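In what follows, a single structure is set out as structure tokens and then discussed.
A, B and C are the chain letters, set down in written order, and residue numbers restart from 1 in every chain.
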Amino acid sequence: MSRILELKGISKAFGGLQVIDGLDLHVDEGEIVSVIGPNGAGKTTLFNLITGVYQPDRGDILLEGESLLGLLPHKITQRGVARTFQTLRLFLNMTVKENVMAAAYGRTRAGVVRSILRTPGMRREEREISALAEEKLAFFGQRLMGYRWDQPAYSLSYANRRRLEIARATATGARLLLLDEPAAGMNPKETHEITELIAQLRTEGGYTILVIEHDMHVVEGISDRVVALDHGIKIAEGTFEAVATDPRVVEAYLGTKAAATK
Amino acid sequence: MSEVEGTPEGPKIGADEWVARSEERTGRRGGPFAPLVARAEQLPWWVLLVAAVGVSALLPFVSSSEYVIRVAVNTVLFALLALGLNVVVGWAGLLDLGFVAFYGFGAYLYALLSSSQFDLHFPALLSVSIVIVSSALLGLLLGLPSRRLVGDYLAIVTLFFAQIYVVLATNADRITFPWNDGPTDISGGPNGITDIDPISILGYEFGSIRSYLWLSLGVFAVVVVALQFINHSRTGRAWRALREDSLAAEMMSMPVNRLKLLAFVFGAATAGLTGTIFASVQLGVFPQNFDLPLLITVYAMVILGGAGSIPGVVIGAITINVSLELLREPSNARFLFYVAIGLGLVTLVRPWRRLAAILVGLVVFGIVAYQLTEWLRPAWVSGTIEGGRFASVLDGWVIHPVNSVHLGNAGFVLLIVALLALTEVRGIWRSILLVPTLYLAAFVWENRLVVEPSVTRILLLGALLVVLMSWRPQGLLGSSRVEIV
Amino acid sequence: MDWDFFVQQLVNGLTLGSVYALIALGYTMVYGILKLLNFAHGEVYMMGAFAGFGVLSLFGGAAGVTINVVLLIGLMLAVAMLGAGLLGVAIERFAYRPLRNAPRIAPLISALGVSFFLQSSALILFGADFRSYETYEYIDLATGIHWGPLNISVVRIAVILTAVAMMLGLTLLVARTRLGKAMRATSFDREAAAMQGIDVDRVIVATFFIGSALAGAAGVMVGLVFYKVYHLMGFLAGLKGFTAAVVGGIGSIPGAMLGGLLIGLSEAFITGYVSSTFQDVFVFSILIALLLVRPSGLLGKADIQKV
């Protein structure tokens, strides 16, 4: 089993605030790893570092053995990492299908000239992109299918929008998905569905997944391994049971007194 | 459907049931043209294109007036400019205020290559190709340092560039190069370059104005086709994604900086191409052809028509250019003004009882005001209004002194105050205030604005932009957008 | 080395710099609070210049000034500042406030519209002819400091000193008063400021008023020093004022002052030593160069965007 993602000694500070400090993290192929921790622990910053929005002050990020440092975000995505956002960032005025098709940009090559001339190569590529989008959307059952394809993204319900964002991420051709609080704001039924969906992404889709989540039901349901962060450092790592009962983790979430009573 | 006066209908967010009601989807366009647009949307775009171009091409057989055909050619050129700007502003969402500089560059370069300025007389196809490539390169040059700039900075930098261009064009007639004795005249200075060769393709020389109409319609058709194809390709999707959320686009494998640059270059090339046609139709280019009033005109066309919509910006171009032409001649301008006010009242004031009351009140108000003024200050009504169908009616209704400048200016200031006050009041007071405001508008129009068309057009365009942004940012044919800021 | 010429350009630069600084302050303050580039700011400056001219005409015109000159200039400044301030407030209220929650491009286009509307209004109201303050008619320009190569007329001294005084006043206002504190808080985080009980709308109105008033004062000053007043003067001055604000670091008040000074000096020296027709080109190049190298400006802070 190969190591898809490896972070070695990653540190990042903003102004005087050390957001991430000496973090080591790894994700093996086919694993689902959850990252938990109180707000401000540096979890989304972690995602931003991996995807190239920020550059780490120290340390290295390796994707399948190759460093991602210095690469522009779109290049990192083309290398195989895609993410969703804590605060949904869809292309709201584009249709559902177009949202997914747009993400296939990095895997295709028809340029402006070929698009104007409608070369056979370009038309074939368009058909492929269209089929790809339909395939990725089909993953979510009937919710994003049929007439939904041509609806603008803003017309979707909240849960569907979260699903669309995941579908869009998969269309980039990435093998590693970074899901930032995929269950945020969902009711118990939807949460349950999302949990199953993430599991399916791994088993049927073959994706390797790194998840940030607050909802412990989801974390418990999907994770092979859990990493707990607090103030930018890793305070625990292991199975869900081990991490959930780790006193340092309890302290970080609930305070020292609570830890003392455990 | 909203019943509150003046509230724009926004799209319903997140309501899945909305999705199932597909007829309401076309209703979301709203606006006065909704039924027409709904029907037109059903037709494939190339049908609309063929119809539009076909009808326009028949124009020389309907009207033999050279003036009319010239206006038509100008309209097509404007439509081309609007299409180019649409790519930059409407699709990629970049506020490029230097756009007309590329237009000027294209025109001037063509002029240099095919005129007696340097005695180069390149064949048209060669000149045009050189211009397109050079304009693209210039766009690249300007775009490269600009692509990392956020919208506001980009706007200012490009605006500066537009200004620089005019400065250069006006002053590049006295540049001393080390390898020449004495100054070289590149741009002809304020007098521009004249005596440009007409375009000739494969032996056929485009001489008459009607042939230029057909030439520009042909170019227009080609450009529209190209744009439609791009819009439905990965580049078009990427541009639109970039406008929606550039960070998310970057994270979804789209190279945002490169795409911005591409949009910029594309817009520049389109503008440059349009410049060549302009130069050969006019047979001369001058620095003041490419100044800021032109910029605001093209922007108004794009915004009015609906940024992002190809048919929208074309309609915007037609509407505005025709209106501006009508403004030149007082009798036409008068006609346009009152028709526009009439249309505005009819569409905005509901129910019809209120509209009738306002119109009656307006007529009465005017009569009373005029009679009072005639009685108290006869000098103030001693001027005459002439020209056009309504002139004789207006002559007895609108106060019109002979020396109307000062009074007109006072009225102008008062009118602005009244208009601003109108936005603040509601209900019955709004209707009441509307009557004197309308009379005041007619007064200002007749006394100051109608006689200074070149200023009035900029005034109206500026006001149009402000009003559009506040009231209907998606323009006539655009669809309301959901923006999360 | 021709010291006379050098010093003359220096004085020119300082005068221009004071004016650009005042204009830049308006840009930077509004940008700090609203993240909006107020395109119409240059036109407010132009209106201020015309207002000052109006006062001059009211009191006899250049050739026959009927009141004490110092009083006259004080009145010009007062009227121009008040008028410009009110104009700025009106612009904010009608062209920008409805667009507070619209995407960034909307208020920019609205601002563009306002800018052209004001320019053409000025053309309609005042005509295309240049008006001239003709300062030499009522102030003896020979009075001033003449010491060695330094020749600076009393008008320029007054202008520079007034500008400095205004900038000092502004700095004190922002640093010491409650309004200043509210302005700083609002520019830092508008929502948080509102949640602390700060009336954000009022702060914004105050910001526009102060910034526009400063621009109006700048307009009068330019009229006094350079005489010519015309409807297009706002456009280029506005662009350069913006350049100054960006050079100094947009959002930073000391930055605007520094930027104004730098741009004024650059323009003076370029006009004097290199070329006067193409001085705009050079200023533009400075802007581009700076934006490439240090987009946050000299005294600005880099913007951190939360993802």
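The definition used in the following text is that a contact is a pair of C-beta atoms (placed from the backbone, for glycine too) under 8 Å apart; a residue touches a chain by one contact, two chains touch by 3 or more.
Predicted model, so just to flag it, every value in this text is computed and none were measured.
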{"item": "Most distant chain from chain A by Cα centroid", "value": "C"}
{"item": "Chain with minimal offset from the mean of all protein Cα atoms", "value": "B"}
{"item": "Distance from chain C to chain A - Cα centre to Cα centre, in angstrom", "value": "48"}
{"item": "Chain A and chain B: spacing of chain centres that average the CA atoms, whole Å", "value": "44"}
{"item": "For chain B paired with chain C, centre-to-centre distance based on mean C-alpha positions, whole Å", "value": "30"}
{"item": "Residue numbers of chain C (touch at least two other chains)", "value": "307"}
{"item": "Sites on chain B at which at least two other chains make contact", "value": "247, 483"}
{"item": "Where chain A touches two or more other chains, by residue", "value": "53, 85"}
{"item": "Residues on chain A engaged by chain B in the complex (per definition of touch)", "value": "51, 53, 72-75, 77-78, 82-83, 85, 89-94, 98-99, 101-108, 110-112, 115-116, 118, 122, 125-126, 129, 147-148, 151-152, 154-158, 160-161, 168-169, 172-173"}
{"item": "Sites on chain B touched by chain A in the complex", "value": "11-16, 18-19, 22, 226, 229-230, 232-238, 240-241, 244-245, 247-257, 262, 266, 479, 481-484"}
{"item": "In the complex, chain B residues that touch chain C", "value": "89, 93, 95, 97, 145, 148-153, 155-157, 159-161, 163-164, 167-168, 171, 247, 292-293, 296, 299, 303, 409, 412-413, 416, 420, 423, 448-449, 452, 455-456, 458-459, 461-466, 469-470, 473, 483, 485"}
{"item": "Residues on chain C engaged by chain B in the complex (per definition of touch)", "value": "31, 35-37, 39, 90, 94-95, 98-99, 101-110, 112-121, 123-125, 235-236, 239, 242-243, 246, 277-278, 280-281, 284, 287-288, 291-292, 295, 305, 307"}
